[in-house]
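Naming follows writing order (A, B and C), and every chain is counted from residue 1.
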Amino acid sequence: MAGHNKNNIYLKKSLFYPRAIRFLPIIITIVILIMLPLYASSYIVFVAAIALLYAMVAAGYDVLLGYTGQLSFCQGAFYGIGAYLSAILTVNYGWSFWQAMPISVLFVGLVSAIIGYPALRLRGAYFAVTTFFLAHFVYLIFLNEVSLTGGPLGFRGIRPPEPIGPLSFESMANGYLLILFSFIIIYALLRKFVNSNVGLILKSIEQDDILAESMGINTAAYKLLSFVISAIVAGYAGTMFAHFFRLLHPTTFSWFLSEMVVIITLVGGVGTLIGPVLGAGIVTFILEFLRFAPEIRYVGWAIALIAILMFEPKGLMGLIKRIGVR
Amino acid sequence: MIDTIVLTQLLNGFILGLIYGLMAIGLTMIWSVTDLPDFSQGGIYIISAYVAYWTITLLNVPYFLAIPIGALAGILLSVAFERIVYDRLRPSGVLSCLLAAIALFFLLENAANALWTPKAKIMSVPETEVSINLFGIVTSYHRIIIFIISVLLFIFVHLFIKYTKIGMAMRAVAEDREIAALMGIDTSKVYIATWALGGALTSVAAILISPLYAVWPGMGTLPLLKALVVVILGGFGSIIGALIGGLILGLIETFGAIYVSAAYQHGFAFILLLLTLSLRPKGLFGRR
Amino acid sequence: MLKVTGLTKSFGKLVAVNNLSFTVSEGERVAIIGPNGAGKTTTFNLITGHLKPDRGVVEFYGKNITGLKPYKICRAGIGRTFQIVRSFPNFTVFEHVLVGAISRYGPRAQMDLLKNQTENVIQKLGLNAKKNTIVRNLTIVDKKRVELATALALKPKLLLLDELMAGLNPAEIDEYIELLKRINEEDGITLIVVEHVMRAVMKLCNRIIVMHYGKKLAEGTPMEISTNRDVIEAYLGEGVAYA
């Protein structure tokens, strides 16, 4: 459709650009993000890294909530399992990060598959409640198994990922860049997945899973697939968090974290993949900058959330579309 | 003697179970009539406890008066949420309402945190802290109060549902919303009544248990989750089920904490949930 | 190809389907008719796996498919449409039918193959003009067509159609009759239809099964059924939609 009309004057008048220009805003954003450590304080870089981690988890979660329509509350649990396992393997058993990370991610995938298989048979609210409990149960394990996780005393002494050649990840900037690159890759993969035929199947399940099932789609298997994918992404983000932040405490992984992920995804715009990413960025920065008013920020946040649900359920992306940007 | 210890714990578990049951009844009613598992009741739990706390502490109101005052706060909040938020979101589907309920819970919990700090407040009720020797078991008067009030409430709810016009309307809507509407039942009035009742039950549960534990912003999450388990265990929409399920959970939790693991006592609800969902998803008395 | 034996399903005290047995051979166009509540849709649900029977066996090409999950039964070659039309409201017509094709050939199949399949079916059902319309914005009649198209994209061997003609005007009904005849004769798809529109049934089908209170009341050619006294008493006498 694009090719043979390039010389058509009508098309020049309409907002038709050659395909490459569509990528310009993305490229600019990426360049800005890459250069961040050069012009921003390390505090900002730190917050940006955390925001990227949230964005990763939220994007993965969107596959589950936005594309398959399953409301779950255990992203925090998978994030935490990834974080703690990687920490334990590297600190207690002397593994290298590059060995511990894949194993941790694999483990999270396994756990999510085992839990997901029976759990996904539950409909809607029952599933949500079960995941809520699961998240809390995992939190209890983090809190109580002191010999394993350090419990309320925290797990310290986590080292950054081992250097790849001359590239060390000791510094805040390099740690940040590692997270940034992981995020870009993961996001690209998720995008591709969601736009693929499998993504279409997931979307069909979200709209009418009974119809999808009678059209020969093994809805249980696909639901499990999206559950495991979102868990793996969260688990990976967890390992990144452990080796970037280098200190783990159980309260980080309470259901509050899972709630935040849900809220971020909602606010950003469920089912758009980019929405939750933007949501993560905005939420993280706003919460950080409201540091001076620690109590108010969450309240204001909750009110904003409800306002969004009531007036613009499509979240940020809905707002953007309405205003007509792009 | 070991027996008295067991008996004491039996009583404690029973009382705890009554509290779970109260909250579960409210939840199961709301859920079966309005199709929404109302997570915001967790927030209502918190706020009503605080309202009672401040009434007692600042206004020197006796505990027994603080209960209905706190319940009133709970009722007003629940109904307000229904009218302002849920009613608007209903056409968008259950998921939107569920997310709103969670957001409201989030809101209330953090509002409590902001207003009254995370530090736990002790609701001291000297009138009921009196020790009583009951058939050889030493317990506090307060637990007897819980028992009496809970039983009274159960009877009240049961009679209400069975014999009043609104109660029967609630049952009709729970059975089949469309047909009830076609029969001329005003669903919005029924919803308001349901939420009022649910909010009241949750609040009373919160205020009854507060003197035994503490009042703090995070107090709502676990009771909410456990009440949800009780709803599922007892059977969707079943009031008797909520009561019995609550008792089961209360007892299992209390004895489990002693004989199995105190650290994971909150995990028993989870195990109970898993068992119910895999063995008897309809719950003990469920119809759906 | 389809053999139903002793199929029984109760809901509490209500026996919806009572010891139902019938067979359908390849290439047939069979109708299941009966008054409301006779158990027709329940029978469909039992065949397609949406309900598990209390007793009885469903065999498809000799294989026992009783109580299998719906997606497996679909994969075995049985497609269906629903009485109250179901759809994926946010998809375009093209995407909607594409889902059927993807389900049939697998998500990793060649995109060209999938596209061709989808286009063919869309063409066949006359939906070409609406290819890029969002299904939510279609009329019910078109939504039904999309549902049918998606079922066809799966290349079923047997198609169960539940009250496809409901709400159509006579011209549309005739169109559908022609379409279904073509699907049956050209593509070799066996049809079982549940219908209330007698005219369509008489014109389209070569065999009719009459159900009443969950049981098979009568079976035969349209001629035989329309003159069968039991049927006339039980069903036709109650007033039926003559289109």
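The rule is simple: contacts are C-beta pairs under 8 Å (C-beta built on N, C-alpha and C of every residue); 3 or more make two chains touch, one makes a residue touch a chain.
Note that this is a predicted model, so its numbers are computed, not measured.
Enquirer: If you take the mean of the Cα atoms for each chain, which one ends up farthest from subunit B?
Expert: C
Enquirer: Name the chain with the Cα centroid closest to the overall protein Cα centroid.
Expert: A
Enquirer: Any idea which two chains share the most contacting C-beta pairs?
Expert: A-B
Enquirer: Centroid of subunit A to centroid of subunit C, CA atoms only: how many Å?
Expert: From the centre of subunit A to the centre of subunit C is 43 Å.
Enquirer: Return the distance between the CA-based centres of subunit A and subunit B, expressed in whole Å.
Expert: 34
Enquirer: Counting only Cα atoms for the centres, state how far subunit B is from subunit C in Å.
Expert: Measuring from centre to centre gives 48 Å for this pair.
Enquirer: Would you please write down the residue numbers of subunit A that are in contact with two or more other chains?
Expert: Residues of subunit A never touch two or more of the other chains.
Enquirer: Residue numbers of subunit A touching subunit B in their complex, please.
Expert: 69, 71, 118, 122, 124-126, 128-130, 132-134, 136-137, 140, 143-144, 255, 259, 262-263, 266, 295-296, 298-299, 301-303, 305-306, 309-310, 313
Enquirer: Contact residues on subunit B for subunit A in the complex?
Expert: Those residues of subunit B that touch subunit A are 31, 37, 85, 88-89, 92, 94-96, 98-100, 102-104, 106-107, 110-111, 113-115, 221-222, 225, 228-229, 232, 263-264, 266-267, 269-270, 273-274, 277-278.
Enquirer: Which part of subunit A faces subunit C closely enough to touch in the complex?
Expert: Its residues touching subunit C are 196-198, 200-201, 203-204, 207-208, 210-219.
Enquirer: Can you list the subunit C residues touching subunit A in their complex?
Expert: Residues in contact with subunit A: 48, 50, 69-71, 74-75, 79-80, 82, 86-91, 95, 98-100, 102-104, 107-108, 114, 147, 150-151, 154.
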